[in-house]
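See the structures that follow.
Below, subunit A partners subunit B and then partners subunit C, in two separate complexes.
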Partner chain A sequence: MKNFEHFNARSIDEAATLLVRYGGNAAFIAGGTDLLGKMKDRILPAYPEALINIKTIPGLDAIEETDDGLSIGALATLAQIATHPVIREKYTALAQAAGRTASPQLRNMGTIAGNLCQDIRCWYYRATQNRFSCLRKGGGRCYALKGDNRYHSIFGGSVKGGCIAVHPSDTAPALIALDGTVITSKRTVKASDFFKVSVNRTTVLEPDEIVTTIHLPAPAPGTQSAFMKFALRQSIDFPIVNCAAAITCEREAVTRARICLNAVSVVPRRTVAAEQSMVGSNIDENTADAAGAAAVANAEPLEGNAYMVPIARTLVKRTILVCGPSPAEVDPV
Partner chain B sequence: METKDFICPHCAKGFKSPEEMKAHMLADHRGGALPSPEGRIRLTINGKAHAPDVKPNWTLYHLVHDHLGLTGAKQFCDRGACGSCTVIMDGKPVLSCMILAIECDGKTVETVEGIAAAGHPLINAYVKHHAMQCGYCTPGFVTTSKALLDDNPRPTANEVKIALSGNLCRCGTYPQHTIAVLEVSQKLTAS
Partner chain C sequence: MGSLSDKEKQTMREMQDNLRADPFPLNTYTHIGKRGPRRLDGHLKASGKADYTMDVQLPGMLHLRFLNSPFPHAEITHMDTTEAERLDGVRYILRYDHPDLPSRASLGKVTGIYGDPPPLSRFAHFEGEPMGAAVAAETEDIAEEAIRLIKVEWAERPFNLDIMAAKDKNAPLSYPEMYPDSNYWNNGLFDVLIQGDVKKGFAAAEQVVEFAFVRRGHTWIGPERPCGVFRWKGDCPELWVKQQRPHLVKKNLCTWYGGVPMNKIQLHCLYQGASFGGWVQVPWNMGPLYCAGLVARETGRPVKYAFSRREDFYGQSMDDGIYRFKVGFNDDGTILAVEGTSTCANQIWPVFNPVNHLRENTRIPHLKGKIETVWVNKGPAVPTRCEQLPATLSLTMVFSRVAAECGLDPVAVALKNDGVEGHDMVHVSAEKKKLGFPDIDSLAVCVEKGKTAMDWDAKWHPPGAKQLPNGRMHGMGFTWTNEWDDSLGSSEIAIRIERNDGTATILSMGCDNGVDAENTYCQIAADELGLNLEDVHYNPQVDPGFFRMSPDSSTNLSVNGWAVRHAARILKQRILEAAVRPTAETQRGSFRAAFPDCAPEDLDILGSVIFKKSDPSESITLADFVREAGQSGPVTSTENAGFRWAFTEPLFAFSYHVQVGSYNPENPRPHLTRQAHFLEVEVDTETGEIFIIKAVNVNDVGKAINPMSCEGQQYGGTVMGWSRGKFEEMIYDPATGVMLNGNLIDYKIATTLDVDAPIDTILVESGMGYGPYGSVGIGEDVGTVMTGLIGPAVHNAIGVWIDDHPITPDKVLKALGKI
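So, the complex of A and B:
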């Protein structure tokens, strides 16, 4: 890696001030597992002049149950979340999602906020030495559109209608299904509004804005949540498709459902049609299958990724079934 | 942001006059040691205290392997995707290629050399069950296994597989690792 300046921030203000001082040519580092890979490969036109370590800001890694739910510090590691007894019991989808992210070692390093704010994995964008100046880097075209797009969006593009890189996070759909909120140094944003694509950006965060806390509301009585991931390998792999659902039932009938797919679109995709199709019915093979069909009804696969559509459909179905009364019948993905 | 000529050496906040900066330093950083410009860190590696001067762009792997001569941890992918460079930091297995050395101040690190020097039975079990072919990934596996047994002295076969799922072996020795780790687990918990 080319050298850079390094600062250990002691407060959020200090970190933001440092970033502004470098005129945007600096980056925050927490777990570093995404950022250092980008820097080693020199994938972006600009190389940061300084890294600002935010791991040294005290009090940002706590996981606490509050009166109205659960608050997770931005620096809580994925391993902490995957093994936390309260999260496993009440916010199951998030514990499962964190536990299926990357590998055990990376889960000891990577943070929840880093997982939400991670950059895309499109192989043209990630090609070493900034080989493809694509739309996402402010360039003129999307190379995946006519190139190899087997791991790209089945729900259209962004950035001038072009960039079809998917959002690769495993925890993002879980947070959206659990109706979480992201609290930053400047504001509070619903997890479902947190992701927004523009040049060099995957979230609504401003350059000097830092995620401080993730808040999850206490689940209503009768709520079950689950996360499922389809990937080529069981470990050290990004999802081909993943899905999280949180479903509330009253006397077996669904009263509220939140279902979110990810890795299928440029941002995590809440599947409102699937949710609506579940409300009022019981959870069984037929209703879950219908919800799966509704979730992919608007899919527009590209030349190389039509195979993702049935995977997304099946994953929605299985995730719903896991939230139902007889989850043992579902094959694990 | 307006130009400010006086930069706090602690936090790089800018000030218009030296008086303002002095007031800020007294208020916010009183008694705090100045950050070392060279990146001097203090850490414990295999029970021994070290205080190396590190550059910001050194990874922990660079420090341990290239500068301290502990060549057990191996660099393979250098992108956090193979587990060959695993070391134990504060009790947890982590990838030394994706951690900046300068951020390891105050940490306790254990490498495969420390595990071998302590006479841990994993080493002999790996030899006995030949849990290697070319051997390049082996230090990473041994380190990850040691962290597992410290955390969970009686893992099930499945727990061993999950714990080792971040380590890749090109030679396909995976079944032998579970056998070796479970045998050591029995040995350690029987006594």
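So, the complex of A and C:
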């Protein structure tokens, strides 16, 4: 790797100030599991002159149950979240999502905020030595559109001209299903509004803005949540499709459903049609399957990724089924 | 010690005649076949203290990195290295137009087949190819940065990725520098295998099916990056090499730089961070070493070259291709004729015919196989655990198809067609008798044990017939073949008895790639010499002037095993002869014999003690026999002071072996040992996911010298086979020819967490192999054969053939009509 300056920030203000000082040629680093790989592979045209370590900012890794829910510090590791007893019990989808992310070593290093803010995994975008100057780098075209797009969006593109790279986070759909909120150094944003695609960006964060806390509301009585992931390997892989659901039932009927797919579109995709199809229904094979069908009704697969449609449909169905009052025996995915 | 005596040569010819049953096995085995001997490399590797070539750090060492082509086919028309030269820490830039770089150099394993390319070419024939320039700098990072500063003007050329398109006579040439006439280059070179007359077979058959399948290429990448270190000490080169066959380095290096005498080359071959065959056999291996030597000479400093992880990805297996078959058979599963063609990419050794295994271990009378090797603009394809991939995959698919078409259990179809070179088992039994082997039906034994372990008879069912309560479809797969056991290799091995403690040292250089072969040779030597196992040691990393076939636990054990066994037998005889005569002669007379009244045949050695057979209490330890060393070595230096301490002559012996066996086109004797593999899967028909439930490997290894090592090869081979069968393929962008998944996240290799199903490993010992004690190799077999077995297992589950390997979820869903 090329050399770079390294700063240990002691406060959010200091981190932001350092970033501004480098005029855009610096980057925040926490777990570093995404950033260092990008730098090592030289996937971007520019190489940061400085990294500003925010792990040294005190108090950003706490997980606390509050009167109105749960507060998770931005620097809480995925391993912490996956094993936290309160999260496992009450916010099950998030614990499951964190536990299925990457590998044990990466979960020990990677943070929840890093998982939300990670860059896309498109293999054209990620080609070493900036081999493809694609739309997401401000270049002229999307190479995946007519190339090998087996892991790309089945719900259309974004950015001018149509980047079809998907968002790869496992925890993002869980936070959206659990109706979470992202608190930054500048504002509060609903998790469902946090993701936005533009050149060099995957979120609404401004360059000098830092995620500080994730907040999850306390689940209503009768709520169950779950996360499922389909990947080629069980051990370590980004999702081909993942799905999180949080479903509230009263006397077996669904009163509220939040269901979110990811890795199928350029941002996490809340499947409102599937949610609506479940409200008022009991959870069973038929209603869950109908919701799965609704979730992919508008899919527009490309030449190489039509297989993702039935997988997404199945994951929606199975995730709903395990949220039922009497969870059926459902294949783990 | 000189050469072998006439008697020893005669004995060796008799003892190492591997074309018949081993005439001189041991009566009892103390160490051979025993479980639990210590691994010589175990503690070092487990504790992270083992040294690999990548670990080598020499004072003043420079780091060498190479320019990579961004295009799959291109020519450098201009290069400006000015800016790179200015970078702090850059010490030397070697360009393709350096006057001391030859246009042709001996870089490969087989001169002539792949050709002798330049060590640093101006032309690129695949994206990512290391070529054009190499930068030596104080650190690897600086060298890498300097590479980026080199300004290159490229002339892009049209390229081929698709094999069938490249075969077309109007296709652009993929590699015009080496193959200027056509991309289809092996016409006439071992390309056709014919047995009987397939037309007759098809005419007589009750059924004829035709099918085709595709296998996508997979990489040879290993944990240790390709690398090497080159240092000049005066005019003597000293090298550290990541190299499966270290002698190849000396063989090639002696022709470089105007010629280097072999006796001036000092070689080190440390532990190997994986070696699956591929890397050793391409000019990439030697070209960078050539460049490192040149830069070391120019700078006067040691130079380590290393490839990046991505650069290692480009080499691939030899089975990347399209296979087409026509099979004639009867309703009872008797196969009468098979005609097959494999059209594969970039095979450096296009000599392994798709019907080869059908010839070697079946009674199918009529066979015709054809290899077509086509050059495309991808990396070279070489034997990668191993060259038999196309042939074993073909056997698996032919037998599975026939069984399915007939509605028969594939195990029964295998047994029905077992044989050798068109002959049935009656003929094979007669051959066994003639050659002195027991009449063991190896396949029948393997199948019986495997069926029991898998509970096959209860679990097997017709294709697509069993849905489980969890909704998944249940599938069972079976395949088999012979154990291939020989590489027509040769081996030299010596053993020396050390002074002071009488321990034995095995002398021969080879690569240690983690299969515990060194301990295996110690087991043989210990049993043959009568020593305790801990009294025998083998460090193959140093160059004593002898070289063996490596890597081991593969086909090469059957070559090296003979050499070490015979060296031990000669040495034992020499020890016993020395024990009954004056132990040494000097100018001042001789020394008293240890057993003056005995003949050598009156003595034996056991537990590192020489004893009289008729009275074991009359004994002397080997340590006491060889005596302690003097101040200057073996001979005491006290004679000038009037003292005379007895000493013994040096005790040393060597042997060698030239194998004649199954790779010989004439097949000097039939293949008698078999292997059988069973796989149970479940298929999720909603997602296309394949779950491995259980695997059973049964290998007739003839004689398991180191059973735990054999089982390790079975287990590891199964994991490798699953990984290739389910995940592994190299993916290229069709528009640019750039490899898209040249990293360890996008290229899917099964990790230990992806292998949570039980793997039963069973060994059969029929004594019918080519090696000593009737042993055969096992290291390549299981990984190679298991690669294709997922196909039949998935077919048995869903009732539909998927003819495109690896079998990924998208293909399962497509086969099921879900997309």
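To be clear about the criterion, the second predicted complex is superposed on the first by the 331 of 333 C-alpha atoms of A that agree within 3 Å, B and C clash if a C-alpha of one lies under 4 Å from a C-alpha of the other, contacts with A are read in each partner's own complex, and residues count from 1 in each chain.
To be clear about the criterion, a residue touches a chain if its C-beta (ideal position, glycine included) is under 8 Å from a C-beta of that chain, and two chains touch if they have at least 3 such contacts.
None of the values given here were measured: they were computed from a predicted structure.
Engineer: Please indicate which partner A:276 is in contact with in the superposed arrangement: first for subunit B, second for subunit C, both, or neither.
Structural biologist: Neither partner.
Engineer: After superposition on the shared chain, which partner residues are touched by A:286: those of subunit B (first), subunit C (second), both, or neither?
Structural biologist: neither
Engineer: Which partner chains sit in contact with A:298 here, subunit B, subunit C, both or neither? Use first/second/both/neither.
Structural biologist: neither
Engineer: Which partner chains sit in contact with A:148 here, subunit B, subunit C, both or neither? Use first/second/both/neither.
Structural biologist: Once the two structures are laid over each other on A, A:148 reaches subunit C alone.
Engineer: Tell me which partner A:25 touches in the superposition: subunit B (first), subunit C (second), both or neither.
Structural biologist: The answer is neither, since A:25 touches no partner chain.
Engineer: For A:129, select first, second, both or neither according to whether it touches subunit B, subunit C, the two together, or no partner.
Structural biologist: A:129 sits against subunit C, while subunit B stays out of touch.
Engineer: Check the residue A:17 against both partner chains and state whether it touches subunit B (first), subunit C (second), both, or neither.
Structural biologist: First partner only, subunit B.
Engineer: With both complexes overlaid on chain A, does A:109 touch subunit B (first), subunit C (second), both or neither?
Structural biologist: first
Engineer: Going by the contact rule set out at the top, does A:5 touch subunit B (first), subunit C (second), both, or neither?
Structural biologist: Touch partner of A:5: subunit B, not subunit C.
Engineer: Under the contact definition given at the top, report the residues of subunit A touching subunit B in one complex and subunit C in the other.
Structural biologist: Residues 1-3, 41, 103, 234-236, which sit in both footprints.
Engineer: Over in the complex, which subunit B residues touch subunit A? Could you list them?
Structural biologist: Against subunit A, the touching part of subunit B is residues 1, 11-14, 35, 39, 55-57, 59, 78-83, 86, 92-95, 98-100, 102-103, 144, 162-163, 165-166, 168.
Engineer: Which residues of subunit A touch subunit B once you look at their complex with the stated criterion?
Structural biologist: 1-10, 14, 17-18, 20-21, 29, 32-33, 36-37, 40-41, 51, 53, 55, 79, 102-106, 108-109, 234-236
Engineer: In the complex formed with subunit A, which residues of subunit C make contact?
Structural biologist: 68, 70, 141, 145, 148, 310, 470-472, 684, 686-689, 726-727, 731, 733-736, 738, 740-743, 745-746, 748, 750-754, 756, 808-810, 813-814, 818-819
Engineer: Touching residues of subunit A toward subunit C in the complex: what are they?
Structural biologist: Against subunit C, subunit A makes touches at 1-3, 41-42, 103, 123-124, 126-129, 131-132, 143, 146-148, 150, 230, 232-238, 240, 305-307, 309-311, 314-315, 329, 331, 333.
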